[in-house]
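Look for subunit A in each of the two complexes below; its partner is subunit B in the first and subunit C in the second.
Now for the complex of A and B:
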């Protein structure tokens, strides 16, 4: 039963990951080459049609899964692990006297302040500085999404910080670093972990938004946001297929990540209440 | 009761007749929270000794400073904004440095503590086995397999039957009595000279609390450790300790033998406190005596 409750909602996401991993082996055409006449509607040869340059939309949508999901995965990992460590360090130190406490409080307020900066602006600036590449986009997205993970972990650390077992561990002679990572972090990481699949979904949306705004990856590279953006003018002319299919893929990815979030939240809450 | 305990104590010390060093010596210990106008003196000039193998109870009502005193000796009054001064605060012949405002508590070798609520003293996400291993590694630098073997042994000693299962459990899967037993085992596995127990039974029901007290006594006797127990339960103290330190309004008003306290108590407060305890002798009275809210002692200005 538990197994079904976990794997059922996670199935679309797992399917998507499999497509991202192995889809390029199955696609009928090279996703970065002109393979047919331009603007062909969906047919038996080209299921999703071809775009204005004559590239196969099905092949590009599947190949885009790899790029979009890889970026989202890197961003989620970096933002969550980095956010948890920073939140842990800030939370443990910000109430202190002395320079460490001042730095901690400053960092804490800076994290709050970063909420006032629109995500897309940060993305545009970073991509503008380092040029459009998977690496620079990932850095930009991690920067955008890390503050929330920091905040979630910090708030939990503040609750855990005065728990009796920490002093018990100190009296047993454990070092402060060990206590932080062995006792404080496991007791305060849950909100950030639950939020990580939301981070995954948001990072896909933001990377696609940047692609849509034209600061994403350069054209021949199949990226969903850029594909939607390129196809949008065709929609006016009745050629709906070039942007519809990548847009659907985008929705599916975000929705399936959200389903995983909901499942994880429900299961961990359930475990906690027992 | 006390006679048996005394004879058991006699088995622990090495040389008969030789002067045994005092485990804990406290002289004129003062603890102040806050500074300036907002200063509050929680403990005012406390003095007492704990001898090897001896069980001392610190009793008093809420706010009498008994817990503060216990925490100060244990070194847990860091970052709490407390100022600790003392003419002497010696553990095992060495001066304890409790005055420095350290950020976090540090381990004092030979000193262990059992806290009021065992649930909060155990990490909720770690298994009992891993917490044992962490303590063993921190204290004795033993390997993983040794740590597990020793943990099994200690848990058996504190009366846990299903040790292998308990080692795999997490604290929230244990009952209150069981987790307090685990805490006692964790506290004793570093073979302390002095065990400080802060209200060890107040989170437990009456029958379980007697089990835990019996366990504390038998474990400390077996290890030759002294016990410093902070409690509000004067009857528990009479039964399980050798001597009592009675505190009131931050001052030590009485230090005397537990078995003869009814006769030997020197302060009016101790006598009044004893009179408030319901016993079979005073069951016939209509109303139990209660203590007046007015301090029996002149309350010194808080500065």
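Now for the complex of A and C:
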């Protein structure tokens, strides 16, 4: 029962990841080929219909999970792990005298400032300057979503910095680096870990938004944002299915990522109490 | 004299910090353009023909990419102080004018949407306080969990399929007004202009066209604001200052106002952050509903590889966001004097 309550909220998300990983093997049609007449409404053969070029919308929607989720996964992993390490280093050093303290305080200010520019804008500018590639976009989004994780970890580090067990560890002769990673980090990583599901959701939204704006990855690739935007003109002609299904998939993906927060919270609380 | 300075120190210091913050972003965007791999000058030139050294030099000058990096940097700053962001490759007009002329429509859309979110957020907070029925509480909690995780354009498409394609309740998502009408121009803010000139037919048409995008903004961003407000209310509803007011027999409305004033700080921060995010981020909805606006300029710049346009766009958006944060800080320091720098927190 407790296991169900723990993993239940994460179930839709796990299913989604499985679909993203193995869905391409199960889909009925090639997602990047014309497989039938164009603009067919949903039917027994084509559950989600076909788009204006005659590609199968169901196959494309399933295949589309791959790109958005892979990017979100990279971004979340980099932003969260980088954010925790930087938050740890900044939090431990900013109150010190001397050059380390000055760098720490400067970095702390820079973190606050870098929040001023929204992720989508950075995405647009980076695509414009460096071209649309999974690598450039992932790095840019990871960098812009990192400050939030840094701030969450830093605040937590500032709370535990003067705890007794740290002094005990110092007196036992442990090195400062070991103390930081073995003793401070496990006690201050919780908020950033809990927030990582939100980071995941935001990165899906931003990458799909870029696709929707036509500045994301190149068109023949199945990508939810681009599929929605290609379908907008269909909606006006009454062909609702081409953009509705990828749009719903996007909403469900983001909502299922948000639901994981409950599982993450319980997991980290459980780990902290042992 | 000194006491006047002392008393106004809190907002003066914050005001002085604003240009410094903007300068940081201008510097970052300057170097970002220089990090572009390859030679940006070649993207401007027609590389199918041979390029003379003079042509190359002229193109480099027009992009601000001639001379050493430090002379470029000085020139960039000199121009920036004159609000000269360069010339757009698409239209040949100054980038500053392009941005300035598109800004009001975007700001108006965002402002109307956020005012709606604040109103709905206050309404939800009140609803949660007055009722304990699980039929209200559980959906409310679920809605709050969606903060920051509703993709606006996906929601808008679903709404378009239902409200436009099936029910025909709203007009086609093409433009701000019905085709054939023309916008009056006084201030550049479309809604305000049609009210000022008394063009009621235009106003009516515009309201129908932007109703759905505004509704989407409200639905997507209310949870973030409401969540902050709710947390604040829970904290301050039973706090000592509230009890003091109740005990000293203050009127009910005075008690409520006092709670709201203490509870609203983080919600105000959220509104400021959302405003900054939306001025650039609403481009997705503007594109979907063909409303034009600031983001359109950025998309066009991406399509035509206009580096100067992107640089100008980034600096302008960052400046706007920083002004929004500045306003948030000042509002919060007005609402709660304990937030002023140098003020000592009581008890």
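Everything that follows uses one rule, which is that the second predicted complex is superposed on the first by the 264 of 274 C-alpha atoms of A that agree within 3 Å, B and C clash if a C-alpha of one lies under 4 Å from a C-alpha of the other, contacts with A are read in each partner's own complex, and residues count from 1 in each chain.
Going forward, a residue touches a chain if its C-beta (ideal position, glycine included) is under 8 Å from a C-beta of that chain, and two chains touch if they have at least 3 such contacts.
Just so it is clear, the structure is predicted and the values come from calculations on it, not from any experiment.
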{"item": "Subunit A residues touched - subunit C or subunit B, whichever exceeds", "value": "C"}
{"item": "Partner chain in contact with A:240 - subunit B first, subunit C second, else both or neither", "value": "second"}
{"item": "Partner chain in contact with A:90 - subunit B first, subunit C second, else both or neither", "value": "neither"}
{"item": "Subunit B versus subunit C as contact partner of A:143, first or second or both or neither", "value": "neither"}
{"item": "Touched partner set for A:75, first subunit B, second subunit C, both or neither", "value": "neither"}
{"item": "First, second, both or neither for A:169, with subunit B first and subunit C second", "value": "first"}
{"item": "Touched partner set for A:152, first subunit B, second subunit C, both or neither", "value": "neither"}
{"item": "Touched partner set for A:65, first subunit B, second subunit C, both or neither", "value": "neither"}
{"item": "First (subunit B), second (subunit C), both or neither touched by A:250", "value": "second"}
{"item": "Partner chain(s) touched by A:226 [first = subunit B, second = subunit C, both, neither]", "value": "neither"}
{"item": "Shared subunit A surface residues [contacts with subunit B and with subunit C]", "value": "none"}
{"item": "Interface residues, subunit A side, partner subunit C - complex", "value": "110, 113, 115-118, 120-121, 124-125, 127-130, 198, 201-202, 204-205, 208-209, 212-215, 225, 228-229, 231-232, 235-236, 238, 240, 243-244, 246-248, 250-251, 254-255, 257-259, 261"}
{"item": "Interfacial residue positions of subunit B with respect to subunit A in the complex", "value": "74-76, 103-108, 111-113, 115, 117, 120-126, 134-135, 138-139, 186, 190"}
{"item": "Residues on subunit A engaged by subunit B in the complex (per definition of touch)", "value": "96, 163-165, 167-174, 176, 182-183, 186-187"}
{"item": "Residue ranges of subunit C touching subunit A (in the complex, touch as defined)", "value": "21, 24-25, 29, 32-33, 35-37, 145-146, 148-151, 153-155, 157-158, 160-161, 164-166, 172-174, 273, 276-278, 280-281, 283-284, 287-288, 295, 298-299, 301-303, 305-307, 310, 313-314, 317-318, 321-322, 325"}
